[in-house]
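The structure appears right after this line, and notes come after that.
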Amino acid sequence: MTEDHKKLRLELIIESPALRRAEDVLLDCGVTGWTVIPAMAGFGGKTRWSRGTDISESTDMVVVICIGDAEVLEPALERLHKMLDRRIGVLNVSEVRVLRPGLF
Amino acid sequence: MNALSTLLSPVVLFFALGLFAAILRSPMSVPQSFAKGLAIYLMMAIGLKGGVEMSKTALDGQVFAVFGAATLLSFGLPFVAYAALRITSGLSKVDAAATAGHYGSISIVTFVAAIEALRMAGVPSSGYLVAVAAVMETPAIISALWLAMRGNKANSDEDSHHDRGELAREVLLNASIVVLLGALVIGAIAGEDGFERLSPFFKAPFQGVLCLFMLDMGLNAGRGLRRGWRKLGVAPIAFGLYMPLIGASIGALCGVLIGIGPGDLALLMVLSASASYIAVPAAMRLALPESDPSVYLTLSLGVTFPFNIAIGIPLYIAVASLISG
Amino acid sequence: MTEDHKKLRLELIIESPALRRAEDVLLDCGVTGWTVIPAMAGFGGKTRWSRGTDISESTDMVVVICIGDAEVLEPALERLHKMLDRRIGVLNVSEVRVLRPGLF
Amino acid sequence: MTEDHKKLRLELIIESPALRRAEDVLLDCGVTGWTVIPAMAGFGGKTRWSRGTDISESTDMVVVICIGDAEVLEPALERLHKMLDRRIGVLNVSEVRVLRPGLF
Amino acid sequence: MNALSTLLSPVVLFFALGLFAAILRSPMSVPQSFAKGLAIYLMMAIGLKGGVEMSKTALDGQVFAVFGAATLLSFGLPFVAYAALRITSGLSKVDAAATAGHYGSISIVTFVAAIEALRMAGVPSSGYLVAVAAVMETPAIISALWLAMRGNKANSDEDSHHDRGELAREVLLNASIVVLLGALVIGAIAGEDGFERLSPFFKAPFQGVLCLFMLDMGLNAGRGLRRGWRKLGVAPIAFGLYMPLIGASIGALCGVLIGIGPGDLALLMVLSASASYIAVPAAMRLALPESDPSVYLTLSLGVTFPFNIAIGIPLYIAVASLISG
Amino acid sequence: MNALSTLLSPVVLFFALGLFAAILRSPMSVPQSFAKGLAIYLMMAIGLKGGVEMSKTALDGQVFAVFGAATLLSFGLPFVAYAALRITSGLSKVDAAATAGHYGSISIVTFVAAIEALRMAGVPSSGYLVAVAAVMETPAIISALWLAMRGNKANSDEDSHHDRGELAREVLLNASIVVLLGALVIGAIAGEDGFERLSPFFKAPFQGVLCLFMLDMGLNAGRGLRRGWRKLGVAPIAFGLYMPLIGASIGALCGVLIGIGPGDLALLMVLSASASYIAVPAAMRLALPESDPSVYLTLSLGVTFPFNIAIGIPLYIAVASLISG
């Protein structure tokens, strides 16, 4: 029998050099998992970018998806938000239903 | 070999092809992961070649002097660049510092193109300059951070001690340093004999691979230029053109004082004149995230890199042959 | 004139070797389409992974997005959920508005 | 202090050759940013596709994510929807909370 | 060299390997970005080679006649293809027009395989045919659009003037045109001497790279075929088999009228017979998005490409040697 | 050639470079798609080479005996490995079974490195061993599944008949089997003459490509080790070091009984000693998803692979020369 559980879905769009710091924040807040997706192009701050312009990947963006309980994610949001003070990137959160709540 | 023949070499022409295609907004691209693979190949190849040559000659006092001078150049050039930018351009303190860091560090592809140009011109150079290139990559980053942080303690509070250690590790173990120095050591161990079996992959096809890679560099430079030039005024673009000349001159001075031969002198000038677009941008995103990548990438990749490839390299070789020949 | 229609957005994070089985479930349930996005890194079950650790792609994760009607997606959710009993992965669902309802 | 703000999250799944046109629409509507993610496989219109079938990338799909205010995104939705009349692709929109509202 | 030896050449066998693996639903794949890198390599290599050969011979009236004929073939063949499709198959107007466009344009990999087959057979051909190939890529697109738009103004309203300009730029500056023509010019400038340094990368390993690339082409063709053949009836599949023969015949007629040698004649036949799967599909997604890619990609990549590789090329070479030899 | 010279060969040194960079948490990486392209190249190259050699010699009874022994080894070694793991380590039944499957199957890159080492040592080996390698890939998977399923019917209920057929297809048609066997057949058809045109791509640069690939393998092994070793106790890690020796001994016994030459014997030992990290992990994710990849990947890629590259290969060659020389 499937039980539905309300969780939060955090979506963070951030530069790939800063990914490790963002991951460390999530780990520190005790989330049970996340998934990173590569972005290939975008627009923000009045310039377009696309993957390949910079071979060091320093301008590549990534999208981090993290599903979890509000108790765990709210503090993480707070801290990631602070991290974005000095960095480019976008952070949003929405409500989702998950199946298999025991695991996260 | 004269300047025209450098300008018309396939390596430069493929770069120009990519540059024009990007400026005309061609949809073509070289896949990023393929280009990155080629970049690793190029760094392995020059690392191995340098190592093999180092295995044949003893390191003497002159060599150590060059390493010392190179470290000082990498530390010092950002100060010159910063002063020039703050005086002539309207760039903010942090953008000027970040950009200055790029000009103290080096562009490994410019270095590779210069080695190729020297080889075509028949001017010999020493293998240990590959190690010099690796050594020059990072000191400039420290200068740039110092310039940017000077007088505002506010945002350095945030960076924990932990972050600093991590930054140091990420910068000192970045791909180009690992591959260059690693291949150099492996080349020195393998020696002439061991390298022979590798040369059908790392030596014979080298110039061809460089052509393909330069096509991609041209596309990147052109795209960077097209997207970024509007943000830049005349002064920063002029900086991207005269700063390599200043760097090359200071590098030449050091080289002449030490008394190195024309090939090595030309390479030291090239290293001083070139601007990083691999190691330093990544470090700036980590340590100075407020700095604007479209400023420093446009300048180093879109202005200085093409300038060095087309005009700088033949010029530095000619000057080095004159002074030291 | 744009008409808005409430649909579900299913998001399944799953190992790439199991992708084909998940796709077969979706097809079987009669969804009209889905899109698969590659992931490049992640954390779960106490280990980090990143693409490239394993050249066979056996540890790569993918994200499957499927937009559809509740009538079609609810049974699919049930079956995908069962599939995740033995597998690692995360399944979440949220409400979205779509334009162009005729097509799916 | 984190302030939460309700925004829309637009998600457009579209063929990569048409990406530039979609981006131009977004730019024209005055959005402050977007991010493009590559898709690697999918199903729609009764055929499966996967990246690599066509070296010109003409059949590759991409996912465009754009976070913004309803005032800006609603007209964009209308125009993207019209664009999808002749094209394959899927457009959906959901509500999200963002932190750092000043920037977009 | 006889037909059997072409069929059993490694290039064709690796294609067959990929084809069978895909039809048997093997999970194997060549990464798209790696295959794209190889495609750029192949285009650079034949561009350079063509350019070097062009640098050795003067362009005369015959050459201009070939360019003229090629342009007309690219414009004209879509009309023949469209008529055949509309009469024999149930394809819609727009699908027939989009497919017809593919058959007016060319497949650069088929061309590369034909050059390789000629070289193995010892039949000489001219370097300028690389430029002919590039010229034939796009006129067919215009014919396809005209055929599809004829009589319905409705959806062309939507396309603004702006979009048309952008379409033209994207089509005329696509990767294969930029790389082929660019490498041709660079090869002509470099000449025999300049090319010598590049040949360990662009000449010696060429056939080997082609084998690897053909493995990927076979996988793509097989996957396209497996997914798409159900949608297609017998008539479109038959079209994919007889249309290359019609194209080759018309191409042969033009070549004989101009009086070119057997190698060039065979290549002109190959260009006329081959169907695009790079430039034209991308253009169709932009300009005729209602057209169904699984129709034209399955035909051009899944039916006509394997036919030309396995049967067409040796046949055209044999016929060309007979007529013009 | 002695053990030190193997340890200091560029192939091993580049592996070590990658290993250390990863352990020191360098941010460097070789793009996955580029490395996968190189892996396909390596498999094509040894497949072709094996095929060419097979075309020169007749298959006799001894050859069939080797194929038989290899199949038995692949089926049988997982039972030995499973027993060792269950007795010494605390691994669960399913993890022990999955890991055991890896040690029955083979690592194609270890095999490639061994061929290279034999070539450097001047010890001849037979081409058909490439086919032996391909044959040994899958039987071990069946043993692993049998070991894991034994006595619990519960979760096998879920797997429909359909799924099993699909699993078989995905396992038997995986990239390494398709490419190895396909290239072997193509090499046999092409023969010495046909291969000559391919050798500038598939033979001359081989060792160089292997160096580049080994850099990536080192990075992967190091990263796997760094992430996974904490989960593993001492017993499983010890298993990763002594199991190759057990495998090599059993393989040597078979080879000596059949009476093959020292080169072939060494390769049979290498195949028995090596553990899969391509075909088997993918099969385990499909068929035994509850098994923990960080156990078997850390052992096969992080422990056994480096052990075989650095110590195993020279040891097996030395022993084989002693016993059979």
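Points worth noting:
The letters A, B, C, D, E and F name the chains in turn, as written, and every chain counts its residues from 1.
To be clear about the criterion, a residue touches a chain if its C-beta (ideal position, glycine included) is under 8 Å from a C-beta of that chain, and two chains touch if they have at least 3 such contacts.
Source: prediction; values computed, not measured.
Counted as hops between touching chains, the shortest connection from chain B to chain C is 2. Because chain B and chain F share one sequence, their contact can be compared position by position; here under half of the interface residue numbers appear on both sides. The centroid of the Cα atoms in chain C and the matching centroid in chain D are 18 Å apart.
In this assembly, the C-alpha centroid of chain D lies 34 Å from the C-alpha centroid of chain E. Centres computed as Cα averages put chain D at a distance of 44 Å from chain F. Here the CA centre of chain B is 38 Å from the CA centre of chain D.
Across the assembly, chain C contributes 37-38, 48, 94 as residues in contact with two or more other chains. Residue numbers of chain F whose C-beta contacts span two or more other chains: 29-37, 200, 205, 282. Touching pairs of chains, sorted by label, consist of A-B, A-C, A-D, B-E, B-F, C-D, C-F, D-E, E-F.
Within the complex formed with chain A, the chain C residues making contact are 11, 13, 37-45, 48, 61, 63, 77-78, 80-81, 84, 90-94.
Within the complex, the chain C residues that touch chain F are 15, 17-18, 20-21, 46-59, 86-88. Those residues of chain C whose C-beta lies close enough to touch chain D in the complex are 2, 7, 9, 19, 23, 26-27, 31-38, 62, 65, 67, 94-100, 103-104.
Residues 8-10, 13-14, 17, 21, 24-35, 37-38, 120, 200, 204-209, 211-212, 215 of chain E are the ones that touch chain F when the two sit in their complex.
Put simply, chain B touches chain F in their complex at residues 31-34, 36-37, 40-41, 44, 48, 169-170, 173-175, 178-179, 182-183, 185-186, 189-190, 194, 197-202, 205, 282.
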